[in-house]
């Protein structure tokens, strides 16, 4: 299954949820906001949402800015 | 007591600080601390999945500082709106520093797209603080559609050039019924003091604090500059003259008079 | 610790204040108090024998403030020297703010007579602080004959116009080995901060404090302005740029990149 | 030969003049004559039916001068478009100086309505010369939708303050692919020369010519100022320096060297 | 007719040009020609005995141009006087541009030595045109001892920075009874025009003409700039305003009024 | 018949054309542009156009402007 | 005996010292500095110095100044 | 005989006048002004003036200057 995560393509053998994706990437859910196929995904949906082949995921966080 | 009121919320500090470009998170925290600021801006960016840094939020005490996300990087209204919604989804208050800067070289705000995005975001319930050209008519129009402040630029972002748009800022201040926050280009405490003496309600500074060997000291200097300008404005500044005014009595006894 | 050293004497404040033109002695005292100043200037004038007012000295705590008499009113070297000697005879330390201003309209200093008087007074053991045009060559020459400081003007006395002589003040600061005190014309804290950011060692203010509804508040504002400028100078100011410098990272995710 | 090209039409003069506020029609004609201008602006207004004055057109040789109607008085896009259509119906070429100024006090242009009107008028085949804030992003956007020039303001109309928007005008000139005509606020030939030295393609002047005892002489002075600035720009101006550059050789023989 | 009178001699041009630093003698001659100048400055230097170049005098038509030798290189009054005497011995009229510049870095004039040398040279019958700081009191004193003009600097020699000493030049012009010639630092025709608009009697330019790819064109540009400024000054410039002044009538018919 | 001309009301007994209105007002057609009820009226229509009660006419001309 | 005090002429019947002059004028010695015929007079000389007909006295004090 | 000419020392075997010095150096008298031992030498003295050992001569000319 191929996913586009933050602009780069990634291969995954098995189905995963958004929550699992975060765990695999060592990203604590609390600090990111997620777009799935251009729609914002609320935190309570992370474990309910299974990713599908071709999905586009954006993992966004706060950084320093003026 | 002299407070800054934005969207009904009161602040004791009239200095907003940005969190970009500091040499270290410690420098950033020290600068925030010494600036006395109560509002700090942050930006949104992709996580680097291959090596995720720790979040800037780990370093900002959000009980003490109001987190003001910006839409930096947006080149049109659509991108700015998308960023604003992401910021809100990330759990921030619906306050947004609206920035639309299509030109990467001078990073000047786009009046048309900024106005368009402001209309949408106000409708969606955001408290909108738009970064804008020092354009008095645009300021009036943004106020009319319900932005919480206007944030006219003093000079292009990061140029440290000061209040180069002085004449227009003065008109904006004269005509505004919402807070006027001078943003961008303020490179020295004297620039911040000048803006406050003109009657600006607040200023936002980032580069000048990050772009120095001693961010904490510079932040304290800006704090004093902002306070100095505000206090002088409230006390009432003297008018500029052409002719000199003796500060000492012109004593007579020296001549045989 | 960052101190101002004049003729071997150390001061913690870099703001000198004049005592002229205040609405009341109380306003003057309040302004001195809130300015944090340690040096205050006074002038000499004839007693009005028919109704002698009480002396200004009754209001100035000379343990706390160094009394710096000026020679205001002098139109040539001879008159200035006479005033300086009178001041010393009155029991002051031999410190003198040398002023020679033949033109009553703009009160600008006379470079020739100021230089002549400075030579005499230095020989007589005075600590000479000359008010002078913002003239780098004259500043060098005064330093060479032994004045304790130079006091170039920012703008004519009492005009509140700010550091209009900026380019020349910058050269004076670059070349001086004695303290440079910007005197005259500073009408707002931002002006004082600007002078200090340029590297001036101190500033002297009078009209701006007397010429306002609230002298105490204005004095405090100037105190903060001077500190802000000094601290920024020590921290190291960023350089002015033409091109913008993003204070937020130019985030990529907005485009399909 | 160095010509100004607007919408494919070539002009030898880079000075546009307005026809408002002259003491007499004769003064206006003399000013036009001595300015060397080839483009003159006019406005539209109701006839006073009870005593119709003679038309200004009786005084303007339209073979010699291109008549450029403006939309002065328009407070939004709709009013501006209406005026433009009336001007064309009156038999003018479809050239229009677009002005939208909702605020009667400072008469500053409205970026939103100006942009909106420009889009409509370009579609209707007008050659649009928009009066605009000195806003580089707006200038780019107007160019993109097909305006023939941009006309950023130097200072508010009739203020004689000069190129107060210098930094932004410089960016507009750097980025523009259409003629940049600096309009409004130019009160002296030195202001016009400065704009041309910066690389502006032309300037428009009215108040400075009408607001003087001798319009013809002032018009000639502006003509020379514009030519001076243009010729200096083409010849290549020297760069500003901090350090002095001796214009005389520093001769050695004076010292025993 | 509007003429410049110096020491009883009338000139039609108000632009003096220096002859230093040109790429070639031909460039210098072309610049002189196109400037319309009637007064050109020259310096004195040792002949290089081992390979004597031809004299600059071979290139200057002294029937057409008044040769004005300067004392450049002099660091004190004695050296300046020596140079002046040499110039006269060389067969020039006893006109001298007095320059005393001890500091080789900024080449700023020494007020004390300039005054001293002026006193001596005036006594010796020279027509003295002193280069001086923009110091109104010094200007008065030089006039009092009989110099033919004063030549205050706009900015340090060769910096092309313009009339940075504007406030002081204005006072000098207001108070002078002899011609005021702004010298040094004028880098563009707009700078020359500005000085003339302020009421200066003439300007001297060198670096700006030598320091360009096209000296002849630049000289003509300065000629026009000086004429533009002078003509505008004579016609009477409008006053600067804060509030806008409509140049078009604010037409009523657009609203239902 | 009442007309609104340049914002003020005028009474006219008889029917008149735009051309006649101009004549009555001593306005040479060449120098004005006319709006009738917010529509621009081309010069060749002046004599063909009869004014009706309630019409709104704007007579516009060029004046000095910057 | 006529004295010129701070520029104005004063008549005095009897001889007086500088100290007496100050007393008569209600001026406390501590706050003034005195020139007698253009020479500065030190405080300890106030009582020793008798004024003579034609003397010129300047009584100077500090005032506010910048 | 040693002369200091424009700061550098020169040896000359025979006596020479200022005029001869100019000739030797190919300098036309018209374009220079001469100091001999800090005194200005008028042109009519050029041929009358014999240089002596130790004399200091300055040969000065006009050059471009501002």
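Letters A, B, C, D, E, F, G and H mark the chains in the order given here, with residues in each chain numbered from 1 onward.
Methods note: a contact is a pair of C-beta atoms (placed from the backbone, for glycine too) under 8 Å apart; a residue touches a chain by one contact, two chains touch by 3 or more.
Note that the structure is predicted; figures quoted are calculated from it, not measured.
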Note = Those chains that touch chain G and also touch chain B are C
Comparison of A-B and E-F (more C-beta pairs in contact) = A-B
Remark   = Between chain A and chain D, the Cα-mean centres are separated in Å by 55
Request  = Between chain C and chain D, tell me the centre distance in angstrom, where each centre is the average of that chain's C-alpha atoms.
outcome  = 45
Ask   = In angstrom, rounded to a whole number, how far apart do the mean CA points of chain A and chain C lie?
value = 63
Note = Chain-centre distance (mean CA atoms) for chain B and chain C, in whole Å, is 32
Set of chain A residues in contact with two or more other chains = 6-7, 58, 60, 63-66
Note = For chain B, residue numbers touching 2 or more other chains are 18, 20-21, 43-46, 70, 72, 106, 108, 157-158, 161, 206-207, 246-249, 252-253
Remark   = Inter-chain touches occur between A-B, A-C, B-C, B-D, B-G, C-E, C-G, D-E, D-F, D-H, E-F, E-H
Query = Which of the residues in chain B come into contact with chain C in the complex?
reply = 18, 20-21, 43-46, 70, 72-75, 79, 82-83, 99, 104-108, 156-161, 187-191, 193-194, 197, 206-208, 210-214, 217-218, 220-225, 227-229, 231-232, 234-254
Inquiry  = So in the complex, the part of chain E that touches chain F is made up of which residues?
reply    = 246-249, 252-253, 256-257
Query = Mind pulling up the chain A residues that touch chain C in the complex?
reply = 6-7, 58, 60, 63-66
Message = Show me the residue ranges of chain C that touch chain G in the complex, using the header's touch definition.
response = 18-22, 28, 41-49, 52, 55-58, 67, 69-70, 72, 85-87, 89-90, 157-158, 204, 206-207
Message = Taking the touch rule as given, give the residues of chain E at its contact with chain C in the complex, in rising order.
response = 101-103, 106, 108-112, 115, 133, 135-138, 140-141, 155, 161, 164-165, 167-168, 171, 175
